[in-house]
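Going in written order, the chains are labelled A, B, C, D and E, and every chain counts its residues from 1.
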Amino acid sequence: RIGTWKTPQTIQPFFYDRFLPDSMKSQILSFTNPADQKTALLAGSLDMCGTTLAHAIYSASVDQPVVVVAALCNKCSALVVKKDGPIQSEKDLRGKTIGYVPGTMHEILLRETLTRNGISPARDVKLIRVDFFDMGTALARGSIDAFLSGEPFPTLAANRGYGRILSHPYYPDSISTINAGMIVRRNTIDKQPEKVARMVLAHARATRYLRDHPDEWLDKASGFGIRLEVLKAAAPNMELAWEMDAAFVLKAKALGSRMQALGIIDRQPDYDGLFDLSYVRQAQKRLE
Amino acid sequence: MNRLNSTSGRLNRLLPWFLPVVSFLSWFAVSESGMVPTYLLPHPKDVLAAASTYIFSEAGQGSHAGRFFEDLTASTIRVMSGFGLAVVVGIPLGIVSGRVALVNGMLGMTVNALRAVPGISWLPLAMVWFGIGLKTTVFLVALAAFFPIYLNAEAGARQVSPILLQAGAMMGVNRLRGTFAILIPAAMPHIITGLRLGMGISWAYLVLGELTGVSNGLGAVIMDARMLGRIDIIVVGIILIALIGRLCDLGLHQLLRLSFKSARRMP
Amino acid sequence: MNRLNSTSGRLNRLLPWFLPVVSFLSWFAVSESGMVPTYLLPHPKDVLAAASTYIFSEAGQGSHAGRFFEDLTASTIRVMSGFGLAVVVGIPLGIVSGRVALVNGMLGMTVNALRAVPGISWLPLAMVWFGIGLKTTVFLVALAAFFPIYLNAEAGARQVSPILLQAGAMMGVNRLRGTFAILIPAAMPHIITGLRLGMGISWAYLVLGELTGVSNGLGAVIMDARMLGRIDIIVVGIILIALIGRLCDLGLHQLLRLSFKSARRMP
Amino acid sequence: MTTRLRIVGTGRKPEVAPVVLEIQRLSKRFGTHGSGDAGVLKEISMKARRGEMICILGRSGCGKSTLLKILAGFMPPSSGLVRLNGNPVSRPGPDRCVVFQEDALFPWLTVRENIAFGLKGRKMDRGEQQREVDRFVSLVGLTDYGDYLPQEISGGMKQRVSLARVLILQPEVLLMDEPFAALDAQTREEMQNLLLYLWEKLSHTVLFVTHDVNEAVLLADRIILFEKEPGRIKKDIKISLPRPREKSTEGYFAHCRSITSEIR
Amino acid sequence: MTTRLRIVGTGRKPEVAPVVLEIQRLSKRFGTHGSGDAGVLKEISMKARRGEMICILGRSGCGKSTLLKILAGFMPPSSGLVRLNGNPVSRPGPDRCVVFQEDALFPWLTVRENIAFGLKGRKMDRGEQQREVDRFVSLVGLTDYGDYLPQEISGGMKQRVSLARVLILQPEVLLMDEPFAALDAQTREEMQNLLLYLWEKLSHTVLFVTHDVNEAVLLADRIILFEKEPGRIKKDIKISLPRPREKSTEGYFAHCRSITSEIR
């Protein structure tokens, strides 16, 4: 039993069945929120699920026994402004009203962007909390001037004609493009390491397959209800992933330190415990 | 101050459609005028198209195509289970609370406090208690429906004229029969109100129950549509759930009128 | 079948605390026993710590520190506005519907259909109509509270014994006074139930109202905590809203008893 | 608490007083339960002159209460017309007050508040209202019970409250449906005296339903006997005994006997 | 629909019948409204023997209904004790049935269903129940009204339904609170005869509250006069007229007159 979002960038679990040994069958459950998935995972209702790295770091910082065993996707964030609005660069955000969802990757990226452009998130802009799903409406109606959120909302806003993607807030020297990963319970690793290995392997294979067959990927994703043209436009900003390496962990550490600075976490988690790269390495060997 | 006679049955038959038709026409007019862009308020014909795809198309032809009947079945089962649970627990507890000060003293404060707690707060706890899936969904739906059913049953039982209970007691009616033959019929107007409110809120809370861990159902469709910003599907959902809700309301009312003389014979 | 006499006032005072205390103790016991890991069900002392941080710490010392009173004020204003709006619209409409078949014919079907529509479906439309901010919040809260208030007022007005209205009419009471001096007092038990349900659901829907466009408030805190999976904060939210809900319920009841003889003098 | 009123025999009103209430070929049929074509009331016609006291006698279920309700304007007749001072009656009004057979007190108001209810809308200062209420509370012998709620007083007391809250309004037409049925002999006599006293003073028109022939003969200018199935007027008997009437006179007994034999 | 029953004068029950109902120093005070130390009932003591018919007369508000409610077990006395066949009474039961002064019919049941209500729990096959109900519906003269709801029948009819639903249960003790107050003379006489007929047959003990002295003298073995404030027994009068009683005999008149003067 695997949990994930019904979004194009987190689609791999829907293909696991093709890549799992016959003895295993996957059942995919969809969620809208990483916390729900993690709770279900910890409560034993799921064997593996997706999560944002921010949420994984938060969970680990409060000693919850989750382990990231693979990456899920990278990139996927975008800063969107009103199409015909005056904002031409990040610097123009000063004094504007920006929508965000507290406690998410996107909040951290937004703050990073603002700070790098010399805008104080606390004083120079007005941040208001808007649910992901309401950002488009709020922007279209003029309630906010900009928002930073995940695909497909930015592309959707652009496609519908009221929004314009201003930039992608990736900074290679810090958080960069990391976004989400797959987690399992620690005791699953302890008790059923082969099962985890097989799931990671299936994940890796599914990811590779979808990378090689973007049409099939987007086709399946459009089955979630997003029009294909939007997906095609968004595809360059969505990177399916499975590999993790030391650089990945470093970026995660950068993310963790930003989170601590914001007061989202009180202390740094044990990154070595949180990220278990061994399954990715095993899978890499198998796939060569 | 008397209810008007239904002399003009024709008018009475049309009257209920007045508001829906007016709203639809103004919606249509606004959409046609182009005052509001369609991504904010979809055009009726788009909504109709989305609805017909959702309901009538072959499954698999698009995101939501043809899923309606499957969703409807799944959701109906969940709502009915939750509502049924709420009825089975809420009515007896409410009636006992209304008549026995001891029980009311014990339950009253707690129930009236929990009423105010947002349904969504229970979700993480429900997932821990029940896992994901049907049980959590049913729990959330039942919890929401419980409060109006309980509170109305309690108020109804409390209002019952003591002389009716006395009349029953002197005719040798025992507690059990007294409850079914006197207390419940006499509290029926309140109980009906509670059940109708509970039924409505069961459907309304379905979204919450299908937020997590289930892949079909009308609530899940609405949440998917919300996630994807498909306002047209959301409007389809509003209209469908309103229709279904109204049908359930009518059905419930008819069922009660069939089953209870007191529901039939009291205003 | 009679209500028990409150001979032992002491017992009656303690009774309401029985369930909360038992739940707390079993929660404590379960947590202490370590049967359920704290990340699924936080330990009472962690929740207490989170609560005290949220309520008493200096603002700015942590994500939620010291925000309570500001949140409480903001949320209370929103809930009261929404609830007030629902009362102002729901009670007159309900009473008129209960007495005038024409109005009931016109409103009944629509209202009873819309009751079933999930609150969250209105969010996109409300944002279009009202923008984000106070107005949308108040609209969602009012919408949720409207249904129980309306439906109970309607049922109450419908049940009023015609002989009381006739007695009023023959004493030369005009419609306006008849409404206030007879109809409302006679429908009071139903109206009170509706108001109490409405008040509870106003708080419960606050979460929805504060999902988007406002940055403070108890509902916002709960949604933040949910986003982060901070179950301890969610439990704090549950307990705080339960307490506040209970206080509002008591306050409402007292206010009604102070303002209406019929609320004071009928069971 | 006893209230004894002496009835001062004022001169009788002239026979030619104008017609106040006119009932023209009034019939009433209820929709439910095919009670046959007969209906409940059939072609009732009668007139009541200003200041007349009319008693209605008839068997249980013959439609007396129904007639009073139609006169009061609570329900429309199936056919026929009711005129008050020449104008058709369609709605209830304070010119025609009813003492109901059922309990129709407001359960959330005390005895005093129930009695004061109808005065509230009138132009009358508070002090005067209070005095008026006090007077009627004491006239019906409930001074000690002013603050009781209806559910805390006895059946007879309730009927006295119903009476007081209507008498205080001094309506032009009084419609009374067995108002004294639940009273003991002594209280009943006091209430009869109270009614007669106020009637002499205010000379309103009274339609009084009763089952007690003695009471009818004591009170009435005319006694109307109702027949059952369908309800209609069987006999209209003039009682021309002088007032104040004594229960021990031969004329009184003669009337009682003849009417009793009439309704057998 | 008229029901005329001939009363067959069976031999009178012996005076030494066992005591069924015993009231010992019973007092009742209501908490609310400091009605003084007097209370509503004060130190009532009396006995009723098996098959006795006792009428209670007393002024409005003297506590007659309150006494009946305590006997029925609807409310506890403030002090004192009620014994039925030697056992203290604390709860209502079908051995003591009440005909209420107020309307206490179930509004959601038809006349027939109301009358059948008490039989439902009994071991009796459906056909027999139906026949029993039919019999009592016709005894109270409501054959044509079996399917009416309480709000569709007249006040007098309601009281007859109340009577029938209790008589059908043939209780050991019958507590009747002004059961015939809303009936016309003829129906009232029929009901009195019905009551006497069933009483002769079943010889239950009857406590009968009435305001009508004639009725009391016609029915009672003993008449108990109540005093007011506080409610207590003023006089206990034995009526030893032979049965069946005729209203025209001298003995009957003498009793009526003496009691009437007693309660003045």
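Some notes on this structure:
Just so we're on the same page, a contact is a pair of C-beta atoms (placed from the backbone, for glycine too) under 8 Å apart; a residue touches a chain by one contact, two chains touch by 3 or more.
Note that the structure is a prediction, hence the values are computed from the model and not measured.
Each step here moves to a touching chain, and the least such steps from chain B to chain D number 2.
Both chain D and chain E derive from one sequence, and where they touch, over half of the residue numbers involved are common to the two copies. With centres set at the average Cα position, the gap from chain B to chain E is 49 Å. In terms of their C-alpha centroids, the spacing between chain A and chain D amounts to 84 Å.
Per-chain Cα centroids separate chain A from chain C by 37 Å. Taking each chain's centre as the average of its CA atoms, chain D and chain E sit 28 Å apart.
The set of chain B residues that touch two or more partner chains comprises 40, 123-124, 128, 162, 169, 223, 226, 231, 266.
Taken residue by residue, chain E touches two or more other chains at 102, whereas all remaining positions touch fewer. The residues of chain A that reach two or more other chains are 33, 35-36, 39, 43, 133, 137, 141, listed in rising order.
The set of touching chain pairs reads A-B, A-C, B-C, B-E, C-D, D-E, using the touch definition from the header.
Listing the residues of chain C that touch chain D in their complex gives 162-164, 166-174, 177, 181-182, 185-186, 188, 261-262, 265-266.
Of all the residues in chain E, the ones that touch chain B in their complex are 69, 72-74, 91-94, 96-98, 100, 102, 104-109, 113, 117-118, 120-121, 149, 165-166, 169.
Of all residues in chain B, those touching chain A in their complex are 37, 39-40, 62-64, 123-124, 127-128, 131-133, 211-215, 220, 223-231, 233. Across the complex, chain C is touched by residues 33-36, 38-39, 42-43, 55, 58-59, 62-65, 101-104, 127-131, 133-134, 137-138, 141-144, 263-264, 266 of chain A. Of all the residues in chain C, the ones that touch chain B in their complex are 1-4, 6, 12, 15-20, 36, 40-41, 99-102, 105-110, 112-125, 128, 147-148, 151-152, 155, 158-159, 162, 165, 169, 175, 178, 183, 189-190, 192-193, 196-197, 199-201, 203-208, 219, 222-223, 226, 229, 231, 234-235, 237-238, 241-246, 248-249, 266-267.
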